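These notes open a run of structures that come right after.
Here come two complexes built around chain A, the first alongside chain B, the second alongside chain C.
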Partner chain A sequence: MTSARAAIRIARTLLSTQYAYMLEYRAEIALWALSGVLPLIMLGVWQNSGAASQAGWNPGQLRHYFVAAFLVRQFSVVWLIHVFEEDVVSGKLSPFLLQPLQPLWRYFAAHLAEQATRIPFVALMLLALAWVNPALLWVPTPENLALGIAAIWGAFLLRFLLQTLSSMLCFWSERAAALDRLLVIPYLFLSGLVAPLDTFPPAIKTVALATPFPAMVDFPARLLAGLPVDIGAGFLSLMLWCGLLSPLCWLSWRRGLRRYGAMGA
Partner chain B sequence: MRRSRTLSTVLQFWRSSLEAESEYQLNLVLECLAVSGNLAGSLFVLSLLFTGQSTLGGWGWNEALIVLGLYTLLDGFTSCLLQPNLSKIVNHVQQGTLDFVLLKPVDSQLWLSLRCFSPWGIPALLAGVVLVGLGLQRSGTGLQGEALVLGSVLLLSGAAILYSLWFSLAALSIWFVKVWNATEVLRYTLVAGRYPVSAYPPALRLVFVFVLPVAFMTTVPSQALLGQGSWPWAAGSLLMAVGSLLASRWFWRFALRHYTSASS
Partner chain C sequence: MSAQSTPIVLAQGLSKTYRIAEKQPGLKGTFRHLLRRRYRDLEAVKGIHFAIEEGEMVGFLGPNGAGKTTTLKMLSGLIHPSSGELLVAGAKPQRRQARFLQDITLVMGNKQQLIWDLPPWDSIRVNAAVYGIPEGVMQRRVRELADLLELGEELHRPVRKLSLGQRMKAELLTSLLHEPRVLFLDEPTLGLDVTAQGRVRDFLATYNRRTGATILLTSHYMGDITALCERVLLIHEGALFHDGPLGELTSRLAPHRQVRLELQQPQPRQVFEAFGTVESHQEHQVQLLVPREQLTETVAALLGRFDVLDLEVSDPPIEELMRSLFQQAGENEA
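Right after this comes the complex of A and B.
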C-alpha cells in the first residue's frame, strides 16, 4: 500500500516538474508540433493524384485518414535517443543512477509532459485546418475516439520501447543516434505515414503488416478516421510487439549499464 | 588578397573537420544504407502515386525522377554543410560559446556557416546526380548545354534559398535559445520538394512558391534541365535567392544586436 502511494507521489512529482520544464521551452515544442506536417503535405499530393481512388478510397476517407495520421504522429513522437545519447556521453546519467528510481521513468515522464504541452499547439493547428477547409475535420464516434486514443497510446508506448532498445546501444557506441536514423526509414514508409497501406501492392502490404510499423500509424489513424479496421488484430499486434520488446529493453539496460564507464572514469 | 585568405581559411576548416570525421568510418556504411533506404522508399511512394495513371500534376515518371533526384542532391548538401554547421548555433547560444565566435577575426556568419564539412552527405549527393542523369536520359530530351547551364544556375540559387532559410531559423535561437529542432521543422516540410509543385492543390502551390519556396529548389531547376525553363521563373528564382541571402545577412546582424551572452 505504501509503495503504491510512494509510486503515485513519485509519478506526480516527475510529471509536474517535467511539465514545468517543458512549458519553459514551449517555443521549441510549438516548432516541433509544426514539424509534424508531413502527413498533411502527403494529403496534398494524394488528393491530386487519383491513385487512392484506385484503392477504393473516396476523397473524404483520404482526408480523414491523413489528418488522423497527423494527430497520431503528434502524440507518438519519441526523442529519447537524442537526450539519452547526450546524457550517456556527457556523464549526466550518473547522478540519475544514484537515485532509487529507474532513470528510464524520468525520460518517460518527460515524453508525457511534452505531449501535454503540445496539446494547445495541435488544437491551434486543427483550428487552422478547419479554417482552410472545414471538410478536413470530422467528429469521430465516442467509441472510435476512445479506442483511437488508446491505440495512439499503444503506438507511443511501442515507439518508446523500440527507441529504448536502440538507445541502449549508446552504452556501446558513440553514434547510436545514427543507427536509430536507419530505423526511421521503415517507420516512415511502412507505417502508413506517407502512403495508406491500402494502396500498397498486396505482397508489400503483407510484408509491412508483419513489422511493428503499421501498428504505429495506420491502425490508430484508421480507428480515429472511422475507416474499416480489424480492432482486435490491431491491439493484439500492439501488445505482442510491446511484450516482445519490453524484456529485450530490460536485458539490454542491464548489460549496457555494466559497460557504462561514466564520463571520464 | 582578402578573398584568398577567406578561401584558405575555409579550406583549412574543412580539412580539419574531415580529419575529425574520418574517426567515424562506420558512418559511411550507415549513411550509404540510409541514403539507399530513403531512396527506395521515395521511389516506392512515387510509384504508388503513379498507379493507374501516367502523370502526376502533369509530370511523367521520368521527369518526376529528376525532381526526386534534385531533392536528394539538396538533401546531401544539407547533410554536408547546413546541418553540421547551423545546428551548432543553438549550442553556441545556449552555452555562451558564441562569444568566442564573435571575437574571432572572421566574419561570424561565414564562420558559423562553413566551419564544418561533413563527408557523410556525399552518398546522397552522388545518388542525386545519378537519379537526375537517369531521369534526363530516360525522358528522351537528352542533355542540352544551354539547359544544363540554366538548370545548374537555378539549382545553385535553390541551394542559396535553402541556406538562407536554415540560417535564419537557426539565428532565431538568439531569442528562443532552445530552437534545437527549428531546423528539423524545415527538414520535414522541405520533404514537399520530393514532388513537382504542380502535384499539389492550388492553395498549397502558392505556399510552396511564396512562403516556403520549395518550388525554386526542385521544380524550377528540373524544368530548366528538361529544357522547359521559362524566364519569369528563372528571374523569380534568382531574385528570391539574392533577396533571401541579403535577408539572412540582415537578420543575423539584427539578431546579434539582441544577443546578450549566456549569463546575462
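Right after this comes the complex of A and C.
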C-alpha cells in the first residue's frame, strides 16, 4: 500500500469513526451550536447604534457580517485543550502513543467530525433566522462562497494550531486549560466577533491586525458576506501564522512528551 | 553472535526517577507549597538488568508501587528512562519509531483503547487502518482471534454495554490485530471472574504457542503466573529481587518445606519439636516446617522413629509466599 493510499485510508476511517462517535452526542452538539449565537446577539446590540456607518457599511452589510461571523464561529470551534488536558492527566493519551500515528491527528479528525455533525443544526438555525427576518440572509457569489469556505477552514486550522500550542502546556501543568480561558478575551475582542474591526479606533485596529485573531473571524466573515477585504493579505496572514505555529507545536510536542508520565496508566 | 540470539527485550541498568512535589497539610503547608515548593526524587526503578528471549512468557511480579508498571511504560516507550539502556525488538522504545510501534503492544487492565460509545468493530477498523492491515487480512485475523477469545456478536455491541470480561477480550483482540512480536500485559485479568480469567489465560497460552510472540505479564493473580510463566521477574522497591524459574523463587522465598505425617499411633506434640517447627498437631496427624537443607535427614529420622502411614513433602503455596512478601513490603512502606 502506498503511503498516500494508507494516509487516505487512515483519514477516511478516522473521520467516519469519529463521525459515528459524535452522532452519539448529537444532543450535546446541538446545544453547543445554540451556544454559539454571540455574533447574533452582537448584531442586536450594534444594528441601531450607527456602527454600520462607522465601518463605512450599510445596515444590510452589518447584518450580513454578523451572520457570517456566526457561521465562521460555528465551523472554527476548537476544544482540543479540554480533552487533551484530561487525556494527559488521566493517562488516556497512552494508548494513542502506542500506535504509529501522531495522536494529534485523532483530535483533528474529531474536530472535523464534530463540524460535520453540526451542519444540520446550523442549517436549522439559519432557517429560523430566515423565518424571523429574511433580510438577515443573502446568497453569496460562488467565488465568495468558495473563498469564504477556504478562509473558514484556514481560521479553524489556525485556531487548532494555537490551541495545540497551549495544549502542550498540559505536559507541564495539570491546569493548562486555564490559559485557554485567558486567550478567549483577546479572541473575542480582537477577532471581530464582538464588533467589526473597522469600528475600532485606528491604534487598536493596528494592534489587532498584528495578532492572529482577525484572521480567525473578521477575514473569513467579510469574504463570506461579500464585504470589502484584502484577500491576498488575509490568506497571507493565515499562512504566516500557521507557518509560525506549526514548528512551535512540533517542538513543544517533542519536549512535552519527554515529561509525560503516563499517569493513571 | 547471530541476530537470532539477540534478546528481544534487553534492559541494562534501567532506572527511572520521578521528581515529586511535596506538600505539608494545612494552610501553612499550602502557602509554603505555593511560594517555596519542595521536591523529592522518587526512584521508582533502580538500575535493573534483564533479558528476554523471543517467544518467552515471563511473569513480572511485585507488590503495588514496586516499579512494575513504570518498567512496562519504559519498555513500551511511553516514558523515558532516567538512565540505563533499553532495547525492545531491536529499537530504543523512547524514540517511538513506527517499526517499533508495529512490533509491540501494551494492554492495561485498567485502561482501554476501545471507543466507549461505539462497538469494538469501529476501534478494530481504526487500528487496521493505522497499522496498514489490508481489509482481507483484517477480516481473517479478527475471525481467528474472535474464535480463540469466544467473541461473536459482542463485537457489534457498544463497548459500554459489554461486561468487563467481554471488554477485556475485545481489548485483547484489538491490541493483537497487528500481530505484535512483543506483548506487554499489565494486569489483563484485573477484576475478571474465575471463568473469564481462565479464558484469557488459555487464549494467551494458545496465542504464544501459535505466533511465538514474547509476553511479559504482570498480574496480582498468581494463577495467571503459575498457569502461563515458567520464568518470573520479581521487582521489589524498584530493584530486581529475582529473575529465574518460578520454582527457584519459591525456594528463595520459602527456606522451609512442609512435611505432613499420618501416624499409626498418636504421639505428643513435644516429640516433634526436635525435627522442625510444628505447624499443626492432631492425634494422628502432624505438620512440620523443615529447613530445606535438613529435609532428607529429617524425613529419614521421622520414618525411622515413628510408624508412618503416609508422608507428604510440599512447598508452601506460592500465593501465601507472595502474600507474605507483599504484606512485608506494605508494612515497610507504612
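The criterion applied here is as follows: the second predicted complex is superposed on the first by the 261 of 265 C-alpha atoms of A that agree within 3 Å, B and C clash if a C-alpha of one lies under 4 Å from a C-alpha of the other, contacts with A are read in each partner's own complex, and residues count from 1 in each chain.
Everything that follows uses one rule, which is that contacts are C-beta pairs under 8 Å (C-beta built on N, C-alpha and C of every residue); 3 or more make two chains touch, one makes a residue touch a chain.
In this text the structure is predicted, and so the values were computed from the model without any measurement.
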Counting only touches as set out at the top, which of chain B and chain C does A:I10 meet: first, second, both, neither? second
Now for A:L137: first (chain B), second (chain C), both, or neither, which partner does it touch? neither
State whether A:T199 touches chain B only (first), chain C only (second), both chains, or neither. first
Have a look and say if chain B or chain C is in touch with more residues of chain A. B
Looking at A:L38 after the superposition, I want to know if it touches chain B, chain C, both of them or none. Which is it: first, second, both, neither? first
Is A:F189 touching anything from chain B or chain C once the two structures are fitted on A? First, second, both or neither. first
Which holds for A:L244: it touches chain B only (first), chain C only (second), both, or neither? neither
Considering only the contact definition stated at the top, list the common interface residues of chain A for chain B and chain C. 25
Can you tell me which positions in chain A touch chain B when the two form their complex? 25, 27-28, 31-32, 34-38, 41, 44-51, 54, 132, 174-175, 178-179, 181-182, 185-186, 188-189, 194-195, 199-200, 204
So in the complex, which bits of chain B are touching chain A? 24, 26-27, 30-31, 33-34, 37-38, 41, 44-45, 48-53, 56-57, 176, 178-182, 184-185, 187-189, 191-192, 195, 199-201, 203-204
Give the list of chain C residues in touch with chain A in this complex. 18, 69, 73, 76-80, 96, 98, 101-102, 104-106, 108, 110-113, 115, 117-118, 122-123, 125-132, 134
So in the complex, which bits of chain A are touching chain C? 1, 6, 9-10, 12-14, 17, 20-21, 24-25, 91-92, 94-101, 258, 260-262, 264-265
